[in-house]
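Below are two complexes that have chain A in common, paired first with chain B and then with chain C.
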Partner chain A sequence: MDTSSPTVFVNGELLKLYMGRRVRTVVQVIRNEGGAVVGQSTDNQQLTVKGPNQSVPVMNFMEVIGVADGPQSIRAEICTDFGSNFDTASYNGLCKLANGQFKNLFL
Partner chain B sequence: MYASHQDGGASHFYGGGFMPSQATQTPDQAGSSKTRSSTTSTTVPLTIKQITEAYHLNDERADFLIDGVEPSLVRLLGRVLNKAERVTDVSFLLDDGTGSIEVTRWVSDSFDTDEMTKIENGMYIVLIGKLKAFQGKRHIGAHAVRPVQDFNQITLHFMECIHAHLDNSRKATAVPATTSAMNDMRAYQTLNVGTGASGDIRDVVLSVFQEPASLARENGLHVNEIIRRLGLQEQKIREAIEYHVEVGNIYSTIDDDHYKSACNG
Partner chain C sequence: MEKLPTEGGIARILANPSPDSASDVPEIVLQVVDLKPIGNSSTRYTFMASDGKMKVKAMLPTHFASEINSGNLQNLGLIRVLDYTLNSIPNQTEKALIVTKCEVVASSFDSEIKSEVKKEAEMENEAIKVNKEEAAPSIVLKPKQETVVKSAMQIVKEERGNAAPAARLSMTRRVHPLVSLNPYQGNWTIKVRVTNKGNLRTYRNAKGEGHVFNVELTDEDGTQIQATMFNEAAKKFYPKFELGKVYYISKGSLRIANKQFKTVQNDYEMTLNENALVEEAEGEVFIPETKYNFVKIDQLGSYVNSRELIDVIGIVQNVSSTLSIRRKSDNETIPKRDITIADDSNKTVVVSLWNDLATNIGQELLDMVDTSPVVAIKSLKVGEFQGVSLSTVSKSVVQINPDLPEALKLRTWYDSEGKGASMASIGSDMVSPNAKNGARSMYSDRVFLSHITSDPSLGHDKPEFFSINAYISLIKGDQTMWYRACKTCNKKVSEATDSGYWCESCGKSDDQCSLRYIMILKVSDPTGEAWLSVFNEQAEKIIRCSADELERIKNEEGDDQYQMKLKEAMWVPHLFRVSVTQNEYMGEKRQRITVRSQALVDPATESKYLLEEIAKLSV
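Up next, the complex of A and B:
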């Protein structure tokens, strides 16, 4: 990240609330479709990730940091391979807490 | 018990400065709060946003107050950016998604250098270090830096930040309730405090002012610190403060935004 603007933790549901803003989420890679990656969010929604760094293998988890440019799409700036062992339930819970009661700690 | 023994019921009279200060009156309380902050070494997991918003107590001593706690060490997790290696130290910017802060890691032996050569830009790391301020700018002096290998640690770290925040906030507001000296005051207050949501907010606001840490501060607390601590609307907090000023529980100190409890604990 070059800028120090805060990045919101989102899941599929929360993504649509932050259109046009920098967000971060973790998806499980389902397939690669020529330049875009289709992934499953931690709350089981399908998200499309466009942009560079698409070298994460299918079935692995990928963290995406980028700008939300659609209710189910992110224009990625940075993608990181999070491996095959990632707890989606906890991450999903964190997204809800970070956007709800404890938003003041994060944003 | 202390209150009735030593001031003979005088604590009922909120003299606003006429009573001896809390530190001398109830040595047990003051002693316990000092012990808590000086002998216990606290490592607090934090988000960088919490650091940038932390209340800075004293410019020379570089002490910060977060959720009523003065952490001796902080734990942060984020990405490394702009790593710069120099002869005696390695510095970089840590970005955890809530903000960024400059970090310096002094390297004095091969163990330190080895630790730092593994760290590259873009990598997720966990660090333990001391929070410092220099000329108004905050930065971290890192004691230990480790790369994140299991990414579940990221979720865990932020969960722990939330947990520590809840724990410290709850502890801070619970302290006045457990001291027996407060019992007289509480009884007095229940006559005045209204029922319902406004009554609860007034209670909570007053208890923040009555913490030993708050009483020890000469100029009391700034309104914004209360707002940040409790996470409530400014309007509601200002209303609670106005109420307490009217009944004489708190008074303004250096300006209209600083208030201090008039009670001696």
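Up next, the complex of A and C:
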């Protein structure tokens, strides 16, 4: 397992703390704009996802793994369709815990 | 300066009857006892010179009379003998000590000083003797002397008063902590407060009629013990013991407590008979803090119908008016009031206050309900009315806004979150553990497998219920998976002689029977593993086919397919509602865990539950 660049679990709020770092998050696809996808993060912020693999249908959930290149933008390397059944509250809770008191378990 | 008579001083004087000069006289301090004037003289005084062991008749120099007249030296005072002679009295074996020079060391003393440690009784006698002795001179003495004696008496009384506590402590009043009492050590005294007083009950048994009453005693450390008194002792001590007062008790007897009747946590119980000593302690300040062991409202489920009394603390949200309930047994009407309390487990529960608690405390709470007071209640019975209900008993104690850290914590929680939060009653969680919304109830009394397996005494009395989240880790294919059941009543049928099956309870025979699952599964969770007994309904959901179908697969499609079916069921996480009981099997006590209901783990709800639990960890 390659642990050289650990990917941080982020939501909209936490994305700006990890600028330039490898991050992963789940967004709900709102619309497709040319090469970019606008998604709603689990804490209801609008994020822009640039990059290939944009075949996730609108209203589905998509996991994005990439580099944070802006306070609300990610340059995606991998996008995965998580389907339509996803509990945003739990994921949000996970992000908060993974970056809060249990940070050492993740990074 | 010595304030005590010199030990052996008299002996020394007797040994050296006529010292050559004052310098030869060693420092001898003697107590002046029995001081009285000779005849009507106001200048010549006679007394008994005491060194604590011996006494000798003595006379004071005339020039010293002024000291006595002024009150500088009184009876029971101390003098240092500077010069003396010892004269032989004609016709008497005794000697007389003529003190020629002396000085006052102490003008008066509380009593005659003797060198042995006195018992209080003796001291009292001494004091009485002294008083009597004093009384005698006061009659004989001239009026002028009366003033002296009176003040001496006063001083003696005062000194006695001051000495009294010291005297008391020095005797067998060494207070033993309740926790150190045992039936094999008889000589103890305890200092306790009456924290509960029972009623004087009359009973009838083979020997006739008797009276009994008991009290609950608590000492400074918080240890409690129950004391019982019968017949004469009951009548004697019933009026003596008052709730809340502190007493010194000794000469009681101890024995092992009868677990059936005991109300306090103590291996022993005390009996007091007529010989026991009970003395009220004056002005005692120690108030043993009511020791609480609070249970959070969301944990009450496991105490339902248990004999154990529990304590709770919560914010009062609602107070009902007083209701009168008629007791069926004797048609007596008892007042009752229901209050709703909430705590930071985000659950509410209803507490029923009975009798005095309903009328007095209940009214107080009603008046202040708008301030959302904190209430702490000790010794509540947990019932299953409306799921979970709490009820006061005669020994329950209610404290409003107590000075406890838990109270403060609740106050801050309520002011910040609790006030606005909509909280569910814990009762509603418990009402139907096998409800259609089975998944919801899988979150009450959630435990890990280790909680069940590590405690072999669980469920020894009544079955205890828990929820668990575990993976199926093994289904043994070679066990008896099912039994033949009657199609109508599902009970076991036996094979009838003329083919077909005979059902005992229905009383008829049938060609057909159904197969119903009865199996044991092994489950695992992060803390360990356990074997669960599973019946038809739940087993069908786990294996995902009926018993009949499984048998068909086994017989028609071969063993491989059968094993495959079982394998597919393994390593699937399930939520189980289980009951734990203890039964004896071949003389050994075994724990039996039976599945009452089952549900698949819903990741979203489970995650929510986990997040809640994680949040609780960090508090």
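Quick note on the criterion: the second predicted complex is superposed on the first by the 103 of 107 C-alpha atoms of A that agree within 3 Å, B and C clash if a C-alpha of one lies under 4 Å from a C-alpha of the other, contacts with A are read in each partner's own complex, and residues count from 1 in each chain.
Assume a contact is a pair of C-beta atoms (placed from the backbone, for glycine too) under 8 Å apart; a residue touches a chain by one contact, two chains touch by 3 or more.
As the structure is a computational prediction, the values presented were derived from the model and not from experiment.
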Message: Based on the shared chain A superposition, would you classify chain B and chain C as clashing or fitting together?
response: fit
- request: Tell me which of chain B and chain C touches more residues of chain A.
  value: B
Query: Regarding the shared-chain residue A:Leu97, is it in contact with chain B (first), chain C (second), both, or neither?
result: both
Message: If we overlay the two complexes on their shared chain A, which of chain B and chain C does A:Arg24 touch? Say first, second, both or neither.
response: first
Message: Taking the superposition on A as described, I'd like to know which of chain B and chain C A:Phe61 touches: first, second, both or neither.
response: first
Message: For A:Leu105 in the superposed arrangement: first (chain B), second (chain C), both or neither?
response: first
Message: Rounding to a multiple of 10°, what is the angle at chain A's Cα centre between the Cα centres of chain B and chain C in the superposition?
response: 40
- prompt: Regarding the shared-chain residue A:Asp87, is it in contact with chain B (first), chain C (second), both, or neither?
  reply: both
Query: What's the minimum Cα gap, in whole angstrom, linking chain B and chain C in the superposed view?
result: 5
- line: chain B and chain C footprints on chain A meet at residues 87, 90, 93-94, 97
Field: Residue numbers on chain A that touch chain B, as the complex places them
entry: 1, 4, 6-7, 9, 24, 61, 63, 65, 78, 80, 82-83, 85-87, 90-91, 93-94, 97-98, 102, 104-107
Field: chain C-touching residues of chain A, taken from the complex the two chains share
entry: 87, 89-90, 93-94, 97, 101
- request: Quick one: which bits of chain B touch chain A in the complex? Just the residue numbers, please.
  value: 47, 49-50, 79, 81, 95, 97-100, 122, 124, 150-152, 155-156, 158-159, 161-162, 165, 228, 231
Field: Complex interface listing, chain C residues touching chain A
entry: 603-604, 607-608, 611, 614, 618
